[in-house]
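Presented sequentially are two complexes of chain A, the first with chain B as partner and the second with chain C.
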Partner chain A sequence: MAVTKKTAAKPVATAADVKTLKKIEQLATESLKAVSKGDTPSIAIRQRTLSNVSFNTKKKIIELGDKTQSREFFNINMARKFMQTFLVANGCKTLIQEGKTISIRQMFYMTKHTLKGTNENTFEDQSESDPIIEDLEVGIDALREELHLFANRRGLVVGRLIVNDAGDEIDLAKMGRGGWGIPSICEDDSLKFVRNTAEFILLVEKQAIFHRLNEDRFWEKHKCIMMTSEGQAARGARRLLQRMSKELKIPIYVLVDNDPWGLYIYSVLKQGSINLAYESMRMAVPDIRFLGMSAFDYKKFGLTSAATIKLSKEDITRAEQMRAYPWFKDKKWQREIQGLLDNQFKMEVDALLTKSISFITEEYIPKKLADRDYLQ
Partner chain B sequence: MGTAKTTAKKRTQSLPPKASDSEPAEERAKPERRATAETMATRQREISVSEFFTKNRHLLGFDNPAKALLTTVKEAVDNSLDACEEAGILPDIAVEIREVSEGRFRVAIEDNGPGIVKAQIPKIFAKLLYGSKFHRLKQSRGQQGIGISAAGLYGQLTTGKPVVIVSKTGKGKPGWKIELRIDTKRNQPDIVTEKSVQWDKDHGTRVEIELVAAYRGGRTGVEAYLEQTVVANPHLALTFTPPKGEMLSFPRVSHELPREAIEIKPHPHGVELGMLMHMLSDSPQKSVKQVLCDDFSRVSPAIADEICKLAGVSPRRDATAVVGDDLDRLHKALGTVKVMAPSASCVVPIGESLLIEGLKRRFKAEFYISSTRPPSVYRGNPFVVEVGLAYGGDLPSEESADVMRFANRVPLQYQPKACAISESIYDTNWKAYGLQQPKGALPVGPMAIVVHLASVWVPFTSEAKEAVAHYDDLMREMRLAVQECGRKLGAHLRARAKAESEQKRLNIFQRYIPEVAIAMGSILSRPPEGIREAFVAALPGFVKLSETSAAADGALEAESAPEPAKKAAKKRGKTPEPPPKKTPEKTPKKPQAGAKAKQLEIAYPKD
Partner chain C sequence: MAVTKKTAAKPVATAADVKTLKKIEQLATESLKAVSKGDTPSIAIRQRTLSNVSFNTKKKIIELGDKTQSREFFNINMARKFMQTFLVANGCKTLIQEGKTISIRQMFYMTKHTLKGTNENTFEDQSESDPIIEDLEVGIDALREELHLFANRRGLVVGRLIVNDAGDEIDLAKMGRGGWGIPSICEDDSLKFVRNTAEFILLVEKQAIFHRLNEDRFWEKHKCIMMTSEGQAARGARRLLQRMSKELKIPIYVLVDNDPWGLYIYSVLKQGSINLAYESMRMAVPDIRFLGMSAFDYKKFGLTSAATIKLSKEDITRAEQMRAYPWFKDKKWQREIQGLLDNQFKMEVDALLTKSISFITEEYIPKKLADRDYLQ
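Up next, the complex of A and B:
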């Protein structure tokens, strides 16, 4: 990161960079060899589909299978993606050579242009280039950061932890009202934990709840680190969470909405996602605890119908789907999902405000923690 | 039964008070005698055909001014074509229509035929039911010998002008210009003037008729008739000068005259009772067996014996002695005996390749196909059905298919709904061949269909010769021919769709190759040109261009013109108008990368 300003001098590539460059070159060499023989050039990409992921019951993470998809140029359904993959590969090669790192959004702009004599763009929007980057990661078995790319950062953290980020020491207890933004790359070469005095970590899905808790200085009172994923957790937040789990060795609790999407956010943090199954090893936190909201909290906390929203058809379908995932086969999860379906309503964490504004800080979370009322 | 009959009789008899049993039935209701047989006899006389015509002109196609004009042109052109073909002359016909005054037209049809002997001219043009074609079983356009004289008569009735004939029978012989009137009472020609004239033609005939008429365009117009005639007669060179607008010229596309139709004897399966009676009574001194063998086609002595056996008539019986029940049984036996189909030599189809040439004269299409069925028989009459089809190109794609019906090369323009030919097209499931077709209607698409029925005797639904009657055997052959063309069209359309998709695939690969080459070149630090060439070189392995053009073999098959037509194409240089575009093969739209791509473009220029 430090080299970004030195554009004139040729940066010295790290060993990892040399390795990644070789992988990219090999990809091109093999394709060229194939086409010179009259064969269709192809890239073998492991399939990132439900059918090619399996739940490793020992490690308790979702793992990518060996089924590969051959991305061939001389196939009209794949030709465009083949071209796009090479555009991204070339973009990454340039980044590595110049020792620069850009966001995946910038990569989209870098590789987007109109094809000569047509109205067709190499990429129409970022939703087209993001999966190609993931394909390349799987295709050449290189991590995103090894490709000198990072995702847009998302997620905040605050609490009783001091970190060193790229040389700057940051006391997460002194982040004011805003919290510290989690970098998109949280590898140990740039981010180090300096001192931890927290006893647990609390991750909340919603930024609004995070701010509620921060304003109430929840982390101070309960000696913890607080984090928000701001929706589905980004790679940086997930990597950070795993590292904290492993290195700080303190329990992690998650508080999400009581709906299928909340459950899925927890599920991804716990054992990984289908799409990024190849990264599960580096991101999943199998012993992460599901604090809430549970379908059973409605009665437990005497909530009223003001806190409920009727389940939509989509919600029901999604819940049914999740109930069939191998990593939700456990009895307690089946019971939890069934509870949601039986309730026929969902609840947002914000609904706890219907009790009182600081109900969540003063009663809900402390009681759940005290009762050890969580799923794992 | 008997009682019922008698009571019915009684009742009718009881009404007229003084009716007599011996009186004719129609007179019964009348109380008094009005005329005697003798007085009536004074009024009974021959009705002149011409008089009959004046009252019943609609029967011969002169129902209204527009149709009268068409019929006049049609009869003259049909006669010219028949005469030229019989004489072995490649026909050159010129048709002129001039508007003399409001609603009054002068029609002139001139040919290069054999000409007409001076003595015959009056009878041919001014006597109804005089001709050479009625009495023989031979394929020709005209059948009755009534048409042209009827046209002249119509002209005379509506304008009072005589028919003008110019004819010359050979080099060095004088040309004659004769003005004729028809004596409608006697059905006899009246020569108004006759004089010898100089004519620069070696031989030929020119007919001029002035008539009250209306000139119209459209499906039933003169122009449509001529255009269609040109399709069915590739050996005809035609010019047409309409009352307004420029002269149209249709140069010859085939220098081959249709094979001469051979006259045949009646076939046992097709003979009518009355005709059989005549044949027998006209043969004194002959046995039944001899008559059967001599006067019928395909009847061998063995078959004659079999017929006689079936009929229970002795083969040695005197032919004139077969009457009454014997005659009936003989007629029945003729219809049931197993006998070879009549010789097809008497039927002359246009032929598959010439039919396509004919279509090319009129339409600039992308695909042509034709099918000539093997000869078949209905009621003892040999016939051949052939179908030609043009698809795509300049044909209108949103309209119903253009159907052209022909009987012995003559276009049928009226009563399409009543015609067996149209029905064979409605009955065909065009959806199976990739076309749209509303239920029970014509297919919709850029298509023209020609159906030609060639036969020694075309069964028309009426004397106006407007629609073909629905005989099962005819219908079957027409359906088969239409289906055969339809199948080939379907194969072509599928091949084209495939080729189009191949073209699309090619475009996709060609679009992405430069991008991939640049990216790969940059990754490998090599110039992108070499990489691009490697990709382009691999292309033919993945885009099956050569195979798709082979898959369109239906098209190629149809495109391959036969030798005579090719010769014709060469000679066409002299003709006044440039020959219609051959195949669109020579006009590829845009250059394409790679020879293979070009090949593809050539086969399907419409892309």
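Up next, the complex of A and C:
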């Protein structure tokens, strides 16, 4: 397939595309209907406010509630936003029809123009168009990726998995030291899992740790897939992780620094974030396991003060906030966060090099896995 | 090779490794000799100061001069730095012998410990170890990559090139929408070019532009290799570009935003930077061509005000500084920078989407190439 095609553009929309197109068209026809009946056209959009966000203890994800806000066309305050919503919706329709995807910055340019006979621009800058994209996602219940829009990509993956992306078959066990760049959009119409021989997935926050493990061929010996999120996980990495969790059905372990930021990265991967609560269903991976670093690893692995950094005031405040989150209410998590505070120091995964270069590959992770020493 | 090996670690050092090991050993034996003769051991390190940096108009790169600074062991102010230099040199020796590479942060941890019988640490934080690494690079004339150290990686590559990295053969024409993550270390003992069918290389600053071109399969139709530096190019990307320039012998075009930051990214790729002047020989690629965006593209391609952003005061100051750099002295560059100032606006490559989604793929780049409309 990859050999003969001259372009990756897909003139024929996929099933997912057809569904999204219908949602956009429905939005438009309902507005038109309202106008022709003499009513005020409006869109009901679920409120993205803290008061409309809650933790679903059953599903174990952060969710957006049902409170809605109505956006009316003939309300002076709303007219500009209404126009912008339809400009973006129309842009997405074009993208889907042409089988192309663009960044949210590019959508800003695609829909920006000066209104005829005025000096007014449809959008002044991207801070105007980004919330409109979020409105549209929530309003018609479609991920931005389904609208053919993407945020910047970040993250790499290697290991015992063969994927097919946009017609190319890619063996993630043959990526050298480079790794495959996780695409911005990891929906199933473009990315498919062809063959998995991995028994688990290991996600590490830090790029340099991923490099260390990849150079040591950890994934080969331990039969796994390895990802790095390169810090806070981007949307592409989160979607890929959720899809791997559901489709490959193998455990996922996460290794982050032993500090409040590391806990936060883990927490967003697991139950989603307050800001993007409306997308938790498609992004969160409640099954992931926290492999470390744990505050208790200091003693367990005989680390020394060279491996530690004193907690800052900000770290302490942040850790105390974490302790109060409903998703960290469980006794084992309370103990873990208390352990960090009691230590009075944080530790980076990189600090395992105070033991030896490949301590993390040869001792730390194998022992944590063998002891089933993780939190969930 | 990739099939049978169980680890990427190379117990047998490569020719480059042997050379670097010798340099480290020479540093150590010379210091020992001085001590046994009753002299003060010292290292002569070329000064990394502005006054010792100049633009070589013949080679067209920014170079470090020959002024040196002597670091003496028995000088109280220098003793700590001297110890640190040998700790890092010893760490690098171990890395080379074990065939492993680590990040500069990891080197900090690898060499950090509390001196016996004292409360003093060998290093307090990374801001102490990073300059020591630079000292060592300059002192023994070895890139940090040759010392088996790396900075964070950044950047992706796709297109008509097959490489072999760490024993894996990787076809960059079969990377889907993801691209191959450019490794931190692109030296020739681990990364080899197997087969090139590209006629040129296109480097774009922005990830989203790379995505647009990759989705449109630009590299397939136009027979090229495509890279994104994802902003300012990381060391791995710069080394890869230099090696491709020398070994593949095909032209390289660079596409950045039409603003002072874009010019700076281009300039560092081309002649190196003042900060890393001692590495220009190994990093700079004087042959690259500036494809755009040019200030004159606004008229040439019939763009509208929707594509523009007003220059800030800072932009103007920065552009005026650029105009004074010796490497921008040429008339054509003076005209280009004056064009930016005269326009009073800057333009992002993304702004080409104000024309149409694939305008950049179908019209902008092909026309620039056909017209040989670039600066060098």
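Keep in mind that, in the parts below, the second predicted complex is superposed on the first by the 254 of 376 C-alpha atoms of A that agree within 3 Å, B and C clash if a C-alpha of one lies under 4 Å from a C-alpha of the other, contacts with A are read in each partner's own complex, and residues count from 1 in each chain.
Methods note: contacts are C-beta pairs under 8 Å (C-beta built on N, C-alpha and C of every residue); 3 or more make two chains touch, one makes a residue touch a chain.
Please read all numbers here as calculations on a predicted model, not as lab measurements.
Of the two partner chains placed around the shared chain by superposition, chain C is the only one that A:307 touches, whereas chain B remains out of contact. Legend: residue contacts after superposition of the two complexes on their common chain; A:281 is shown touching neither chain B nor chain C.
By the touch criterion defined above, A:375 lies against neither chain B nor chain C after alignment on the C-alpha atoms of chain A.
Using the contact criterion defined above for the overlaid structures, shared-chain residue A:316 touches neither chain B nor chain C, since it reaches no partner.
In the superposed model, A:208 makes contact with chain C only, not with chain B.
With both structures placed on the common chain, the touch criterion links A:341 to neither chain B nor chain C. Between chain B and chain C, C contacts the larger number of chain A residues. Of the two partner chains, chain B is the only one that A:83 touches; chain C does not reach it. Looking at the shared chain after the overlay, A:177 reaches chain C, while chain B stays out of its contact range. In the superposition on chain A, the residues of chain A contacting both chain B and chain C are 94. Taken in their complex, chain A has these residues touching chain B: 24-25, 27-29, 31-32, 35-36, 38-40, 73-74, 76, 79-80, 82-83, 86-87, 89-90, 93-94, 115-116, 118, 120, 122. Against chain A, in their complex, chain C makes its touches with residues 2, 5-9, 94-95, 98, 100-103, 105-106, 109-110, 112-114, 121, 150, 152-153, 156, 163-170, 174-185, 190-191, 207-208, 211-212, 214-217, 220-221, 304-307, 348, 350-354, 357-358. Against chain A, the residues of chain B that register as touching in their complex are 504-505, 508-509, 511-512, 514-516, 518-520, 522-524, 531, 534-535, 537-539, 541-542.
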